[in-house]
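In what follows, chain A forms one complex with chain B and a second complex with chain C.
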Partner chain A sequence: MGKYEGDPVWDDVVPIPQDDGEGALAAIAYTDEYAEAMGYLRAVMAAKEYSPRVLDLTEHIISMNAAHYTVWLYRASTLLALNSSIPVELEWVNNVALDNQKNYQIWHHRQILIDHLYDSMSSDPAALKSLAESEVAFMTEMFNEDSKNYHVWSYRQWVVRKLDLFDKGEIECIETLLRQDVRNNSAWSHRFFVVFSNPKYCTPGSKATEYDPKIPGEILDREIEFAKAATFEAPQNQSPWNYLRGVLKKGGRKLSSLECFAGEFVKIPEVGEEDIKSSHALDFLADVWAQKGENEKADKALTLLGDKYDRIRKNYWDWRRTSLK
Partner chain B sequence: MAVQELSLDVALHIKYWHRCLKNVLPTGYTSMDSSRMTLGFFILSALDLLGAGAETFPEDERANIKDWILKCQHPDGGFCGSPNHKYPDAAYVDVGHGKQTMDPANLPATYFAIMGLSFVGSLDGVRRDDCLRWIKGLQREDGSFGEFITQDGVIQGGTDMRISYAAMAIRWILKGDYDSSKEDGADIDVDQLVKYIRSGQTYDGGIGESSRHEAHAGYTYCAIASLKLANRLSKSKDSEPISGLTNVDSTIRWLVSRQTGYTTESDEEEEGDAEHAPAVKLQGIYTEEPAHEDEEFVGFNGRCNKRADTCYAFWVGAAINMLCQEKVELLDIPAIRRFLFEQTQHRIGGFGKCPGDPPDIYHSYLALAALATMKEPDLKPLDAALCVSIQQKEKIEQVRKAALV
Partner chain C sequence: MALVSGPGRAGALPDELQLAVEAHVKYIQSLDTRRDELEYWLTEHLRLNGLYWGVTALHLLNRPDALPRTETIDFVLSCQAENGGFGAAPGHDAHLLSTVSGIQILAMVDGYEELEKRGKVVAFEGKEYKGKEVVGRYLSGLQNKETGTFAGDEWGEEDTRFLYAGLNGLNLLGLLDLVNVDLAVDYIVSCANFDGGYGVSPGAESHSGQIFTCLAALSIAKRIDTVDKDKLGQWLSERQVEQGGLNGRPEKLEDVCYSWWVASSMTMIGRLHWIDGKKLTEFILRCQDPVGGGFADRPGDMVDVFHTCFGVAGLSLLEFEGLEEVDAV
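Up next, the complex of A and B:
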């Protein structure tokens, strides 16, 4: 006898079994436990029942299939209908998230919960501050498992905007992660978002690839210095090189303003062997020289990339050479 | 390493896919229960690419598969991702409390269901107008699409490029790339969708969930393929790859940067810890140098500084294929073939995610799709935007033409 079938609490519910028919594609060897629980879920959803036992049932199903696309919404509706404790739910969700690193639905569920909490405390700065702290603390726990988890980073952006965390603390969090792994491109991307979407000084709605005249010069300088330092740490790390290009674009500055800096990694003497510390610096200089019309130098850089320093992209570098003329 | 002719063992892979078709999948697939339409599509399309498609099945088998897919069609339009989301017909009947949505249809599932039907029969069981109306209802003001609509009319699910792609692919199958939004109001707002996609480009040239997020090869593919299916990737004059993206040169740079070289020796050393960066040294000290020697294998990652994974050979290869209109070859195809054949192909057939991994349906399909995009001789050539064989695409076009006459 199944868990629900034998439970007097569920006596009044007639489960709705799954009808797979004959031509079933991708049939899965469901456990009896899963098949039974799903039958009861369909029944309570059909009856639009929002009760404490539905919370138990949805928790059980999520433990077996966290990617079910409607069970989470149904659970959220039930929680709100019952006026259940959101902090208790958050604690449970934390554990589910830690156990299901790849799951997306959990983070949507979390947004619904935080939205609800926020509305109840929006006039209490101390409560909001503590909410922000606990969210950041939980994400740190997630990042300890996988510091490049896309869902967590997406959620983090949402939290930053929702709770207005465009501050020094957020930048410091990113720097801590980059100190652990300077190649963490997710952290670099998040930094770009925090610095160049800050409502205090950015043009609202300015796209990531657009010049924004409102960005203060000292912020551009700070970001350039930060990325430069990271390239010295690991010259072959593409993240800060991409970041530099992004910052220059945002600030309306020319690539050539960093020609000298990129030249630190690239020595091409008239005679003798060249000394290249970073293929990304060479790529950067190829663009600088092409923009300045120094096509011969650009061509030399692209040739070196294709023939020697980045051979796996030879086709690309050769194609870039053809577009110089 | 010995130079040897690499070729696809077609019989072995057909055997793998037949097992997926006929056998019940292990309990471990339970977390994909809501995506059974997706798995079904991969199985049918993989067999098609291998030349053992549904037309070789007994007629009753095709009919049964068709019935199974149609059984997942939702009364309000669209399809559910699995029979687990579908109720007996009587449950949806309006008994005086309004129409009952129950568990709603899902947009990506609908794309895979309609594709699946195209392999095993016709599309005449698809309630076309309901489906297109339902999709229009899934579009948000910013141009993006949600995954499903709840009983109370709220658009739910993610906002990312994958969902827009599913919407555009279904629209292409059911009505082509003709934009009729200005005429009858029944079509989705293509201009708004294009605007949304164009705004998704990130500072490093790729495309993310939005321009504020980290660029990701899967989203980049979906964005480009959506434009392609809407006929909004600009026509090229000559061999120049141009497109409706904000900055196509930087997108191409970002895409080719996804090729990542490695040698198996260093891979073994890093086993279990492959994504971990070397310890950070003091500032000013060079910890590494660009590669002078040829790296043994070249795979693709989905984001900067991540490890190679089979599926990105498709997401990146197909994206480049669409941008370059097949006139220039920017990727190192022999290297990609070596990565797939020697590193992630499994001896029982199929492909795994990373070197040494067991095969799974998702990575096995995308590996075949990647090879087919690059014109692997033993596979049917692939249409990069629709992710099925060109032959299948043409079949769908004929079905559509017949239905619209």
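Up next, the complex of A and C:
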């Protein structure tokens, strides 16, 4: 006898068996436990039942298979219909998320919960602050498992916008993660988002790829110094090099303003062997020199990249050479 | 189509790298017979997507008849829900992604006529529709009229993946005019990042899979002109690692599915020649199980139908001999 079949709580429900579409009922080892629970879920969904036992049932199914989106959706509607405690649900969701790193349905479920909670406390700054703290604490726990989890990072951006977390605390969180792993591209990307979407000083709606005249100079300087320090730590790490280009673009500054700095990683003497500590620095300088019309130097840099320091992309570097005027 | 992985493992190829066509065909044919495995049922929510991956791989392998056409169409139609969309399996709620998989399969096996004959009749705003029109109206109903994005289902989870799926489905049905394409394009443009890539939403990290969906959507909308091709092309070409495969983001491991997303993205912006095609071909071939069939994400891992589809598609893009030409979108 199955878990539900013998349970008086479920006495009134006739489970709807799986129909596999080709007529034959699945007389299969769908493991009995999962099959039975899904049968009961189909029945309560068909009857549009929203009750505490549905919460138990969906929790049980999710413990066996967290990737089935229908189960999550039905659980969310049940929670809202019952006006259940969101904090209690969040605590449970935390554990499910920690056990299911790759699952994304959970994060959508979480958004529904936070949206709901936010509406109930939007006039209470203290409550909002503690909500923000607990969300950040939970994400830190997730990042301890995988600091590049894409679902968590997209969720984090949603939270930053929702709870207005464009503050020093958020930047410090990112710096902690970058101290642990300076190659964490997700953290770099998030930093760019936080710094250059901050409603306190950014032009509303300014795109990530365009110049924003409203960014204060000291913010630009701070970001440039931060990225520079990271390149000294790991010269071959492409994230801070991309970041630097992004900051210069945002600030409307010239690439050549960092020529000296990039030159620290690249020594090309008139005679003898060159000394290249970073192919990204060489690439950066090639662009600087091309912009300044120093095509011979740029061509030499691009040739070195294609022939020696980044051979797998030789065709790309060759194309760059041909586009030198 | 089941998403169960294995039983084979990728790797151990003879010196001469060859594509084990027969083994792959047999592997795909065998997938739906594995109903005695738990994983078959745990992946039920992806059944229709899985069938699409299998059918695509067979078409590219020049073996479109390896799965029976009538049964394939029957299965797809049995997944249609009352609201006109398709669920992942019979009795499941409709979802944007499974609906698009359904359309893609019907398009590939020439099954629209059956959809017209046997598809659900559904009323939208008081008027009854049938066939393609029903599916198109289900899809267009998922577009957010303010932002241009698409929701995956009635709950409104939105991202660029859904946007692409929505446009792709409608385009295949020839019903693109049911939605606001310009608004959708604006949304994608707002997802462009400082490094040249695109993320799942504005400000989200660049990611090869999301770049593919953005470019494919822009291709359908005929607005590839909005892309900074050289900058994006450089970012994409940097995804190639020493082993020849491509990764999804900086500092991540290479993977057959990302190899497809990156390579097809580069094709859409005309920059595929910037990477080393020979090395990529060799990497993909090393990911197949030459005896049991199927591809894995990387050599040594379990094969599955998802990576089998993208492995074959990647090879086709690289013009590997004997394969049907793939459409990058």
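We take it that the second predicted complex is superposed on the first by the 315 of 325 C-alpha atoms of A that agree within 3 Å, B and C clash if a C-alpha of one lies under 4 Å from a C-alpha of the other, contacts with A are read in each partner's own complex, and residues count from 1 in each chain.
The rule we apply is simple: contacts are C-beta pairs under 8 Å (C-beta built on N, C-alpha and C of every residue); 3 or more make two chains touch, one makes a residue touch a chain.
In this text, all values refer to a predicted model and were calculated from it rather than measured experimentally.
Peer 1: So if we stack both complexes on chain A, do chain B and chain C clash, or do they fit?
Peer 2: clash
Peer 1: After lining up the shared chain so the two structures overlap, which partner does A:112 touch, if you call chain B first and chain C second: first, second, both or neither?
Peer 2: So A:112 only meets chain C here.
Peer 1: When the two structures are overlaid on chain A, which partner does A:53 contact: first (chain B), second (chain C), both, or neither?
Peer 2: In the superposition, A:53 contacts neither chain B nor chain C.
Peer 1: Where does A:279 make contact in the superposed view: on chain B (first), on chain C (second), on both, or on neither?
Peer 2: First partner only, chain B.
Peer 1: For A:76 in the superposed arrangement: first (chain B), second (chain C), both or neither?
Peer 2: Second partner only.
Peer 1: Which partner does A:316 contact after superposing on A: first (chain B), second (chain C), both, neither?
Peer 2: Both partners, chain B and chain C.
Peer 1: So, does A:186 touch the first partner chain B, the second partner chain C, both, or neither?
Peer 2: Once the two structures are laid over each other on A, A:186 reaches both partners.
Peer 1: Counting only touches as set out at the top, which of chain B and chain C does A:162 meet: first, second, both, neither?
Peer 2: After superposing on A, A:162 lies clear of both chain B and chain C.
Peer 1: In the superposed view, which residues of chain A touch chain B and also chain C?
Peer 2: 16, 18-22, 26, 28-31, 34, 42, 64-65, 67-70, 73, 108, 148, 150, 153-154, 157, 183-186, 189-190, 192-193, 196-197, 207-209, 238-239, 242-243, 245-246, 249-250, 312-316, 319
Peer 1: Show which residues of chain A lie in contact with chain C when the two form their complex.
Peer 2: It comes out as residues 16, 18-22, 26, 28-31, 34-35, 42, 64-65, 67-70, 73, 76, 108, 111-112, 148, 150, 153-154, 157-158, 183-186, 189-190, 192-193, 196-197, 207-209, 238-239, 242-243, 245-246, 249-250, 312-316, 319.
Peer 1: Quick one: which bits of chain B touch chain A in the complex? Just the residue numbers, please.
Peer 2: It is residues 20-21, 24-27, 29-37, 39-40, 43-44, 61, 63-69, 71, 81, 83-88, 91, 100, 102-104, 106, 116, 147-148, 150, 156-158, 199, 201-205, 208-209, 211-216, 246-247, 250, 252-253, 256-257, 259-261, 275-277, 280-281, 283-292, 294-295, 298, 303-306, 328-332, 335, 361 of chain B that touch chain A.
Peer 1: Which positions of chain C touch chain A when the two form their complex?
Peer 2: So the residues of chain C touching chain A come out as 35-38, 40-45, 71, 74-75, 78-79, 89-93, 95, 152-153, 155, 157, 159, 189-190, 192-195, 199-207, 228, 233-235, 237-238, 240, 242, 244, 249-252, 273-276, 279.
Peer 1: Inside the complex, what are the residues of chain A that reach chain B?
Peer 2: 16, 18-31, 34, 38, 42, 45-46, 64-70, 73, 104, 108, 148, 150, 153-154, 157, 179-186, 189-190, 192-193, 196-197, 207-209, 229, 232-239, 242-243, 245-246, 249-250, 276-279, 308-316, 319
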